[in-house]
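Letters A, B, C, D, E and F mark the chains as written, and numbering starts fresh at 1 in each.
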Amino acid sequence: MPADVQGAARIMAKQAFVFCGGAIVEQVFARVDPSVRVELVAGEAERVERGRLLVRIAGNARALLAGERVALNLLGRACAVATLTRAHVDAAGPHLRVVDTRKTMPGLRAIDRYAVRCGGGHNHRNDLGAGVLIKENHIRAAGSVGAAVRAAKQHAPHTLRIECEVTNHAELREAMAAGADAVLLDNMSDDELREAVAIADGKLILEVSGGVTLERLPRLASIGVHLASVGALTHSAPSVDMSMLFDV
Amino acid sequence: MPADVQGAARIMAKQAFVFCGGAIVEQVFARVDPSVRVELVAGEAERVERGRLLVRIAGNARALLAGERVALNLLGRACAVATLTRAHVDAAGPHLRVVDTRKTMPGLRAIDRYAVRCGGGHNHRNDLGAGVLIKENHIRAAGSVGAAVRAAKQHAPHTLRIECEVTNHAELREAMAAGADAVLLDNMSDDELREAVAIADGKLILEVSGGVTLERLPRLASIGVHLASVGALTHSAPSVDMSMLFDV
Amino acid sequence: MPADVQGAARIMAKQAFVFCGGAIVEQVFARVDPSVRVELVAGEAERVERGRLLVRIAGNARALLAGERVALNLLGRACAVATLTRAHVDAAGPHLRVVDTRKTMPGLRAIDRYAVRCGGGHNHRNDLGAGVLIKENHIRAAGSVGAAVRAAKQHAPHTLRIECEVTNHAELREAMAAGADAVLLDNMSDDELREAVAIADGKLILEVSGGVTLERLPRLASIGVHLASVGALTHSAPSVDMSMLFDV
Amino acid sequence: MPADVQGAARIMAKQAFVFCGGAIVEQVFARVDPSVRVELVAGEAERVERGRLLVRIAGNARALLAGERVALNLLGRACAVATLTRAHVDAAGPHLRVVDTRKTMPGLRAIDRYAVRCGGGHNHRNDLGAGVLIKENHIRAAGSVGAAVRAAKQHAPHTLRIECEVTNHAELREAMAAGADAVLLDNMSDDELREAVAIADGKLILEVSGGVTLERLPRLASIGVHLASVGALTHSAPSVDMSMLFDV
Amino acid sequence: MPADVQGAARIMAKQAFVFCGGAIVEQVFARVDPSVRVELVAGEAERVERGRLLVRIAGNARALLAGERVALNLLGRACAVATLTRAHVDAAGPHLRVVDTRKTMPGLRAIDRYAVRCGGGHNHRNDLGAGVLIKENHIRAAGSVGAAVRAAKQHAPHTLRIECEVTNHAELREAMAAGADAVLLDNMSDDELREAVAIADGKLILEVSGGVTLERLPRLASIGVHLASVGALTHSAPSVDMSMLFDV
Amino acid sequence: MPADVQGAARIMAKQAFVFCGGAIVEQVFARVDPSVRVELVAGEAERVERGRLLVRIAGNARALLAGERVALNLLGRACAVATLTRAHVDAAGPHLRVVDTRKTMPGLRAIDRYAVRCGGGHNHRNDLGAGVLIKENHIRAAGSVGAAVRAAKQHAPHTLRIECEVTNHAELREAMAAGADAVLLDNMSDDELREAVAIADGKLILEVSGGVTLERLPRLASIGVHLASVGALTHSAPSVDMSMLFDV
């Protein structure tokens, strides 16, 4: 490939999905060659059909080839996560937040988080410093649910809520009594969740974790919990099909 | 200095202050030469007197000289911040949290934050992702206090509280109505703060900012606000005197 | 969690899959805390059953928690790729190489490549410098298949084979005449591939690309091509289920 | 804050001080967003009054907010050091150089050095390679003042002067006899310094270190030493008050 | 040197050599100051005479001084390697490839490789992943030449040729029988090479290594081997004389 | 090569040269695999004969192979520079310092500087901050030799000497009058240098630059200048021959 050939290409959808990540394409080509021009045609969070023109790219042909694979691999990842998230959010309806987990692809957390939001989901805390989540091991170290919650309230910045993982109703009551702001209800059945909602009585944020499927989401919404966290959004999003075609 | 001479040295306090940052000394010398031995004699957060032995260091003499200035400059910074914080925390008493601000020394934020905690203070949010603080410019962009608070509640992760800066009682009421979790009362007089406490009626976390001095802290505590943020802890801590003496 | 608590944990398989990536677990914990001990119980490339103990980890409890998520996310990725590759290799049999593509997860290429090998697959060239693959755009720039192959032979290091993408039998003949060492037969039907095998007459390495599925692999093997490249190995490997359990 | 809002702001002095570090503001915003415009109104090393407009900034509002705190923290540091240095230089008068020490803020040495110069001071050697300063430990290792000076003259590049720390007049004479170019007179009284000036007889550069205060500087100037080094310039500069105000 | 002085300079050849590396000059000054203008007058791979104008540079005078030494040191290195390579390639004639070795200057491998190509030479594999070269130690580990070649064919990507180092005709025959694609004939005499050419009978690529001098190259070409590798191209290229002159 | 094979190797001199850089070998293998053992047999700055054992290395065979080329390339560079320097220092005798220049290999300056010292030479200033050297362009910018020297004396740290390049005796007198500490006599003939020595009369350090060859050095020593700077030490040192042999 001679160094000075100019070219143009289009990224096209080869199936229906939720598009997002146009800025990734801009960034990839800006690093390869700042003179490459990228025109984003599809909008962020847009549901696209098979055959939709997504992005136009023009510039030095070597630069287009150099950036192609990285851009497509990253863009495809973002769209895959957004598409799977969208399906879950649609199933959950307007009153139940779908949130991601820490099971993101190493190195791609920022992209995964962004794609979840484009799919209509919400992010859980972005890193260990952006929220206090007391888990089983912390409870064991502190001695009890109550002791763990009280210690967290004593030390944590006032800008963070205190959330505590609980596995039964006794622990839920103990967390409430100690002043927790939220609880993560771990692997509970629908009936257990219904009783948890009654116990909480609107005084706590309730998050469901474990066994959350597309099918179960409408039921969870009707039970009245506030959030459902879904690891699959980022650890099992199936690829979406797109390609970059060079104009003849 | 020949390459293989061994030596020993002691870091001594030359005035009274709150000691902290022993791990800095360990880290500095570990990078210069992992075979240097560092023994921490004073405890973290300990109030030391003039003449107190703080740290013993032994090993290759070149390594001791190479690490001396970096270790002392960083350790001195940490102790200075802890000492000034301690004075404020003592003045505030047990019911008013003293918190730091973003006015930390660039590059040394983690050390500054840690020193504040060693002095008995609390940290404000560590970075922009570890808390939602709606300031004047956000309010202007959103159109009103209420609109800004509602937008934040809609988008922020549930692990974060929503705090809003307010400058008068009307804004305080508007923030409460919109569901804010905390307010930053900016540059209010003692009387204005008393009325704010009455309005809040225990439903909100109240933080005071602006004009917080050592003298005013006991009064703020009696008024019943929850936190007082003090920029001086990290932007104006006067140096403390210590030195590293080599054993003859 | 107090700083000096010791703990132990086990990583367990929660479904059947092909295990690999034990060194990832060692590396992750070595960076978090070099004193953590990691014992690899399952062997690399071993087919494990649900309930199999994979890895034992012991050491400082904070370090175990800090490394847990990164270790599991990376290990899970490796096992997912190895498992999907294994299925394809089993379907292809001993005479048809299954090879990966450049559609790897950005940042994780080395892990993806390794996992493919653990699943019994082979890697395509690892980067653009580790092989010469003449694609449609190069051919267009050079003017013809023959011109592109001849230019590559003139300039490429003698350590690399010259492979050329061809889409029909005329191009295959042209590549052969110009001295190509291998061809990538793009999106050909089984009948077209049979004729390509006849034309090549054992003088060229034949790689099939496009439309390669688990079901088709045995047929491709019987046709007599040498390699089949499969993007799904790394862009669509479904997650495998495992967890890290702390000993009580 | 919407992504495309434009804004403008001014950095204002809230007390009198010596301004410097305008380039820091330019650099900070250039990294946040190269399209932000920074206009430096106050000049480097200018003595500003309360209320003086220092810098105008205009551009994307998010970028202004993102850069505000880093810019102010760094600029405030520079002005604080310049202001304290200016006071010392004014006290010392035109014939006595005021120089800084290695007690700079870790990570900010270049800014500290620059600010000292803006305050009218001079820098001591910038790093261990930019000057030869023989200290007590080197003397002990070499065996005597004379042996240490002679070894340094033998090995040091000819571009560097040889300076030796001395604590009494005998050591001063020994350093002179060995060919030192400069001496650092450590913790000497005014009377001892007067005699040192007589002994040196114009053949050596004389630097005073230890116990140098604003009050003592005029006396040191009249005694006839050439330099006075002051650690407080960089380890105890009190903050100066400035703020960044957004235009409505 | 005041900060705002503009200047211009020319890089001139002070002896005859093969020029290359103009892009290095562009890159160096682009990093120092993007507003410096660099005009490349001599062409890549051009044979220049003493007194030839090579490059014109214009811009901020401080930037010209700052970049001068780095640019000249790197450019001089590139031209030195290209010049020595050119002499070898001319001696070898059109039918014998001159290739470099791994004896490149650490940190400058990319420049060294490029300069070899500008001198008309070819590169050997660029890194350990861009070719399979079985050396004495691998043979010893595998047990025999044949076993080593067979293992490599089994595991290596199909994009790489298998080259094996051999020291006598028996090993050459063994490598051929096992299916090697190329052999490196190590330290053989002209007579031994003639017999190796006869044995290989056109079925293998033959590379000569060891004792390759300018004088011997025409003889090697007439013997009929395909490549000669020469460590001196990059480990002993004598400097070429050039200088950067500032316009008055 | 199996992952767990152990091996041993020796680095041997294949010609006479000045050895230095043993620590490079230690560092290279420490990065490849900290368990590799390196025993330095030859001493730093030792003159070695052909066949001398220089270094023994033992450990994992893959690690030995991985580090071999980098270690030899760097070690060979260091020995080449030390050897060429030694020849110049021997020619110059005890009263004339041989110093290097800024024409070092990019990226390898620290090694080049060290090797010069091992060859008995001295380093010129290590970077632009470790000495003041006023060159033609600075003089032009300042207006005259005298003005340039006076400005440097005003601003430079007292730890640095002021050296000025001069091209004739008038400039030499002007530099002396302005208080320069040293001059670089650029491209002067032996007769011109003799007169310069007479003019300087022991009051200045005299450095010769340009046209310094092995043959001329004894003459320069007898003329009485103090230093001779030689670019060839680092830009044209011919390689020395050594190899790493694996024990059978």
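Assume contacts are C-beta pairs under 8 Å (C-beta built on N, C-alpha and C of every residue); 3 or more make two chains touch, one makes a residue touch a chain.
Predicted model only: the values in this text are computed from it and were never measured.
Chains making contact with chain B as well as with chain E: none in this assembly.
Counting steps between touching chains, the shortest path from chain D to chain E takes 2.
Distance from chain D peaks, on a Cα-centroid basis, for C.
Between chain A and chain E the centroid-to-centroid distance comes to 49 Å (mean Cα coordinates, whole Å).
Distance between chain A and chain C, defined via averaged C-alpha coordinates, is recorded as 27 Å. The centroid of the Cα atoms in chain A and the matching centroid in chain F are 57 Å apart.
Those residues of chain E in touch with two or more other chains do not exist in this structure. Taken chain by chain, the contacts form a single closed ring in which each chain touches exactly two others. Beginning with chain A and heading toward chain B, the contact ring passes through the chains as A, B, D, F, E, C. Interface residues of chain D facing chain F in the complex, by the touch rule stated above, are 97, 99, 122-127, 129-133, 155, 157-161, 163, 182, 205, 207, 226-227. Every residue of chain B that touches chain D in the complex is listed here, in rising order: 1-2, 5, 7, 61, 65, 69-70, 72-74, 76-77, 102-108, 136-138, 140-141, 232, 235-236, 238-239, 246, 248.
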